[in-house]
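Structure, as structure tokens:
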Amino acid sequence: MTAATEYSLAELCIVAAAEAFRDDGEKLATGIGVIPRLGASLAMKTFNPDLMMTDSEAFMLSEPNPLGDRGADFAQANESWMGFSRIFDNVWSGKRHAMLGPTQIDRFGQTNTSALGGTYQQPKVMMLGARGFPGNSICHRNSFFVPAHNDRVFIDGECDFVSSIGYNPARLPKGRALSDVDIHRVITNLCVMDFGGPDHQLRLLSLHPGVGVEEVLENTGFAIVVPDEVPTTAAPTEEQLAIIAALDPHNQRAYQIKDNPPGVRG
Amino acid sequence: MDKRISAAAAVAQISDGMTVGIGGWGPRRKPMALVREILRSDLKDLTIVAYGGADVGMLCASGKVKKVIFAFVSLDFIPLEPYFRQARQNGDIEVMEVDEGMMLLGLRAAAWGLPFIPTEVGLGTDILTHNPDIKVIDSPYDDKEWVAMPALNLDVALIHADRADARGVCQIEGPDHYLDDWMARAAKNTIVSCEEVVETSYFQDPARARQVFWERSITDAVVEIPGGAHPTSCNPKYGFDVPHFKAYNASAKDGGFSAYAEQYLAATETEYQERVGGLDAIRALPLPVY
Amino acid sequence: MTAATEYSLAELCIVAAAEAFRDDGEKLATGIGVIPRLGASLAMKTFNPDLMMTDSEAFMLSEPNPLGDRGADFAQANESWMGFSRIFDNVWSGKRHAMLGPTQIDRFGQTNTSALGGTYQQPKVMMLGARGFPGNSICHRNSFFVPAHNDRVFIDGECDFVSSIGYNPARLPKGRALSDVDIHRVITNLCVMDFGGPDHQLRLLSLHPGVGVEEVLENTGFAIVVPDEVPTTAAPTEEQLAIIAALDPHNQRAYQIKDNPPGVRG
Amino acid sequence: MDKRISAAAAVAQISDGMTVGIGGWGPRRKPMALVREILRSDLKDLTIVAYGGADVGMLCASGKVKKVIFAFVSLDFIPLEPYFRQARQNGDIEVMEVDEGMMLLGLRAAAWGLPFIPTEVGLGTDILTHNPDIKVIDSPYDDKEWVAMPALNLDVALIHADRADARGVCQIEGPDHYLDDWMARAAKNTIVSCEEVVETSYFQDPARARQVFWERSITDAVVEIPGGAHPTSCNPKYGFDVPHFKAYNASAKDGGFSAYAEQYLAATETEYQERVGGLDAIRALPLPVY
């Protein structure tokens, strides 16, 4: 368990993402995008072998698939059929932890994947749509990964379209508690956060090496809780880097954060 | 009962203003030849229900659509469907935006003859803000409120399968049949295009019969169109056509859909397939790696 | 199409049962018990090839299975998986016609398969339970087969336990019409009936050869409609008898009606 | 995570008064060894949810049951389950009698975390008369009334599978998995007995992975008991034991359940299997013909 000295910011984020899945036990870990997926895969390959993962198509795997072309000889480790219709049985059971990257995140932890600006009938920018975010957010644990931490993602005010439920008391459904919502970690290119502040405020948990509190505050469109002592995000170990390299043989991780910076700021 | 008809005859069963469900998922196993037949028709004012991809984009771009019921419209490797995006940003279409699972529940409610299925999904989100027709109800068994996801009753479902017999027994051989069974069951009229029409005896093998996801009574029409999912995938037969989708996406910025349609659509599916390289080229498209 | 002269009452009933499925088009024909199943199978083999039928286990068949041991070489004609869970998708869609034999049938066409006498907490005779009768009766077409027509089956008064909805105005659910209920044929060892009388009264359609109206009336616990002219139930043809024999090679049909009487009363 | 435990340890997880769902259908693939382990225990006041057969009859006859939630209890070729019948006719048990499909909806509601699913099934029948706890509701979308079939939330589900790995990946190889997936999903604690524990690599073949009907996170315990469905069937491995069921049925009129139990139940499953002829004899039982 030797801490590495040379690693990319993407690799640091992958390890931080893996940490988010540490205590999940036997949940379906769904990482959408290269860094979340590698994070979930790293967790499953190391400290949480009970995690479940799919091939992003129709089967559950007992070993995560490496990313990208796997060669003609590769045989994936199926353990059960898991087509899209069955995914919803899993979502609604709550036994899942998804990590994905919304376009907007507001101070309530509400997110937007749907539309920006204009009116709902005629948005300025149409995006993906609500996808499964409404269901994910109310049924199970979620984490967010943000490759470019800025105040266009962490916006002042409420999301233009609220795709996922957060900790907004004004939107609390009858008979439910805000604490039913489970936003676990928010991992960005600058830091790791959670919604563990008073009244579910966004809270700084760790700063990536070389990042200061001010930079986080400047790039976040709303107030966050900053503890007196903010640790530095743990560096990957050499063992973790080797596993990440094996999971991502085509180095897709190098293209996830602008300019693929090193993990420790120069 | 011989349910085999032509694509044109199948599309002639659809009327202006109908609600049409389209099977597949994003760029995967969409009944694109049937969609193209709609593009060639005079149909208009359709309400489309889909886990959407280029099917939705093309229908929007060609003015066939009044309303889209969707959770997403995406080409996957090109996240944002260019023509759906244009239609939304121009304010050209009505929408009912729901969660993916809500759509599934709406289809199941229709399949089971129910007015709705309750769910917590959508609570606290703008799904409810912008869909005042989706009601929130109390439960007789607890003190919580629940979204009553209404049945998505389809006039027509369009689905692409691998094989079918003339009587409408349909096989989906790929690893996932998506929500196609629920689209089929939710519809009054289910039109299935397929790669190949086979004899009924093909299904005698239980492994093949297991890949039949609805009863033949659910299938109303069978249209044999090898390669009919192009440019979407029909795993295990072929993958989606990445260069074609890139050209399609680029057309939205350069020439628009009419240029795309002029280049590819043609008067018949045979001619379309010639223009995109022929059936052998379609069948040779590599499967995507996820 | 030669009318047979020698045939059993069971075979007459099988042909009458087949007639019940004539106009169904493409429905799942479920005949519970030997005579209903042979009736449905005969219909599928002759005048309604569009019928669907299962192997009573987990597959839909494109050809009905013969009854009983079919020999080691027999391969059934599967056409789709149809496990019990999928049966309900079919039931709720309405595309089914079931024929079965309830223990009690009352003047409303309500039936009882559950319990007789005593109290509900302590019935005198516990039977099968409601099974799928509540769903069948409200979702799709049903017919009944009664091997021993008497007033303990066709009871005076209402069923002890109403397992299936019928044409009882007092039980009509809000927003529905009695005509939504579709009880198609009632076939007994004496006659064929339907609920086509005024106000959905039970009505005599045909008498089996040698049976008189009086015998039916005496054995029915409530009033039925008797048209001025009551035809005789059509005799099987030789072709039908041959098909029945092939569908029932072990002659299970001989054990379905007491003493296996001939079709034409002596 | 190794979920393998003994039948006794599994049954020790059940407490008096719990609601226990039992998989299988009538005389087919019932987790009878687990049921026998309950018979050997001090458990009482259970509420049983089942497409019932001898599992329900035996538990009733041995005084383990407070309430049965059922649509039928039957041995199929012996239509009336003798001990369930006795229990009902003696007024020994409470019941919630529902339609087969209502039970499925109740299990699905529990699996999906819903308070109920609406249905028209049950309207107009004595299902509603005798179950005042099942509410009839209005729909926000039409003027009809609908039965709100309540969730059947299970504390425990008992299921018999063909194979499982130590982590709880379970395979049902037979032609039908009945409603076992919904029993498993509806339960807080799912205990699966199986004919054989296999390595995870067994499931790599997609055809085998397709016979896995729920995620391993749904399985809480795996109990290896070859022949554990006896006297019910475990198609394709063995059929149900017709002579045994006949003797069981006859015992209700001659000696009663205590005589049956004394003759067969024994202190352990190994001894039980010896008394019924041994595992080889169980495995040789012919499959039923329907």
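Per-chain numbering from 1; labels A, B, C and D assigned in written order.
Definition applied: a contact is a pair of C-beta atoms (placed from the backbone, for glycine too) under 8 Å apart; a residue touches a chain by one contact, two chains touch by 3 or more.
For each chain, UniProt lists the protein as follows: A, C = Ketoacid CoA transferase; B, D = CoA transferase subunit A.
Being a predicted model, the structure only gives us computed values, none of them experimental.
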{"item": "Minimum number of chain-to-chain contact steps, subunit A to subunit C", "value": "2"}
{"item": "Chain pair showing more contacts of the two, B-C and C-D", "value": "C-D"}
{"item": "Chain centre separation in whole Å, for subunit D relative to subunit B (CA means)", "value": "39"}
{"item": "Rounded Å distance between subunit A and subunit B, as computed from the means of their C-alpha atoms", "value": "30"}
{"item": "Residues within subunit C bordering two or more other chains", "value": "59, 81, 92, 139"}
{"item": "Numbers and ranges of subunit B residues touching at least 2 other chains", "value": "112-113, 119-120, 142, 144, 175, 206, 210"}
{"item": "Interchain contacts, given as pairs of chains that touch", "value": "A-B, A-D, B-C, B-D, C-D"}
{"item": "Footprint of subunit A on subunit B - complex, ascending", "value": "25, 70-74, 79-80, 84-85, 88-91, 94, 97-102, 104, 119-127, 129-130, 142-145, 174-179, 181-182, 289-290"}
{"item": "Contact footprint of subunit A on subunit D as seen in their complex", "value": "1, 111-113, 165, 167, 169, 185, 200-201, 203-206, 208-210, 212-218"}
{"item": "Sites on subunit A touched by subunit D in the complex", "value": "26-28, 49-50, 52, 59-60, 62, 75-82, 89-90, 92-95, 139"}
{"item": "Subunit A residues within the subunit B interface of the complex", "value": "55-59, 65, 68-70, 81, 83-85, 88, 91-92, 110, 114-115, 118-135, 137-139, 161-166, 168, 171-176"}
{"item": "Complex contacts: residues of subunit D adjacent to subunit B", "value": "112-120, 135, 137, 139-142, 144, 146, 148, 150-151, 175, 206-207, 210"}
